Amino acid sequence: MPILNIVNKSPLERNALASCLRIAAPGALLLIEDAVYAATRGTSTEAEITTALSKFRIYALLPDLQARAVADRVIDGVATIDYEGFVDLVAEHSACQSWL
Amino acid sequence: MSEGITKKFMFVNRTAPYGSIYALESLEVVLITAAFDQDVSVVFIDDGVWQLKKGQQTKGIETKNFSPTYRALEGYDVEKLYVDRESLAARGLTEEDLLVDVVVMDADELGKLMAEQDVILSF
Amino acid sequence: MSTIEVNGKSFETDEEGYLVNLSDWNEDVANHIAGTENVEMSQNHWEVVNFLRKYYDEYQIAPAVRVLTKAIGKTLGPEKGNSAYLYELFPYGPAKQACKIAGLPKPTGCV
């Protein structure tokens, strides 16, 4: 089972997402908290995610998207999940790596 | 209070809401400063522009949605809201995405405005 | 943490008597808090209290006195939108006392 990578920082403020995408082996990527901005269309970092879709299954946490008013602009190919889905993802993977 | 000295205060917001406490803390200090009849301007740069995004729904993260409070600023006579044009564009946002009326500014205009302030507080 | 008893139910307040949970508020609770503040609720008191609750609902804050006064003036007319009128209703400060009765937190900027 591959690793579940979790990022919680905005890609426009920190390089946590960039480092994750540069280093992590193919697997799953979950965007939570301020990292959900990475999952939105039209930002200057959009290409990082669209490119990474060939290497990672990418998820974004819906409650965090809704809080930030961006649930209506999620990049095609990124799946939205709720807290139960979050728990399922953690259970399905051998380990989690949080890119704090 | 109205007899006191009036200074030019600028609040510079560069962080997204909810991911950290900065945005809410800034907003509270803005309100307090305005209550003391100071000349307040509020600037939104980088991820700070997300604070003004229309349509925030925070029930799912069990956090208070403080975005409606930006609309109370007018009643506090805080009417100088400035947004960095480049920051807005980098996030795929336009003025229509924002929940209050703002003045969108270029970097050099913002820099000049900053240089005119007595006090600058960063969040 | 303290509590107040109204109609056999107890409600949490902070040490200054402000309700902890906004959703605990009802007219009986308001009357009880008014009693502890020595305020007898008239039509005019209710008008201000309801105005504050509407303001909070819209903006998610309790307004500063100056802002409240101006906003009341705009909606209810200049004879009510002045501090003399509001202090007559709420001698210990319209924002503080009326907010407490309205079940709102203490206004931002009040110490």
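All chains are identified by letter, namely A, B and C, in their written order; residue positions are counted from 1 within each chain.
Quick note on the criterion: a residue touches a chain if its C-beta (ideal position, glycine included) is under 8 Å from a C-beta of that chain, and two chains touch if they have at least 3 such contacts.
Here the structure is a predicted model, which means the values were calculated and not measured.
If touching chains are joined by edges, the resulting network of the protein chains shown is an open path. Among the chains, the centre nearest to the mean of all shown protein C-alpha atoms is found for B. Remark: chain B and chain C have CA centroids separated by 28 Å (rounded to whole angstrom).
Chain C has its Cα centroid 44 Å from the Cα centroid of chain A.
Contacts with at least two other chains are made by residues 65 of chain B.
Chain A contributes residues 8-10, 12-13, 33-34, 37, 40-44, 46, 62-64, 66-70, 72-73, 82 to its touches with chain B in the complex. Interface residues of chain C, counted against chain B in their complex, comprise 58-61, 63-64, 66-67, 70-71, 108-109. Partner chain C is touched in their complex by these residues of chain B: 28, 31-32, 34-36, 64-66, 68-69, 71-72, 75-76.
Looking at the complex, you find that chain B touches chain A at residues 14-20, 46-47, 50, 53-61, 63, 65, 67, 90-93.
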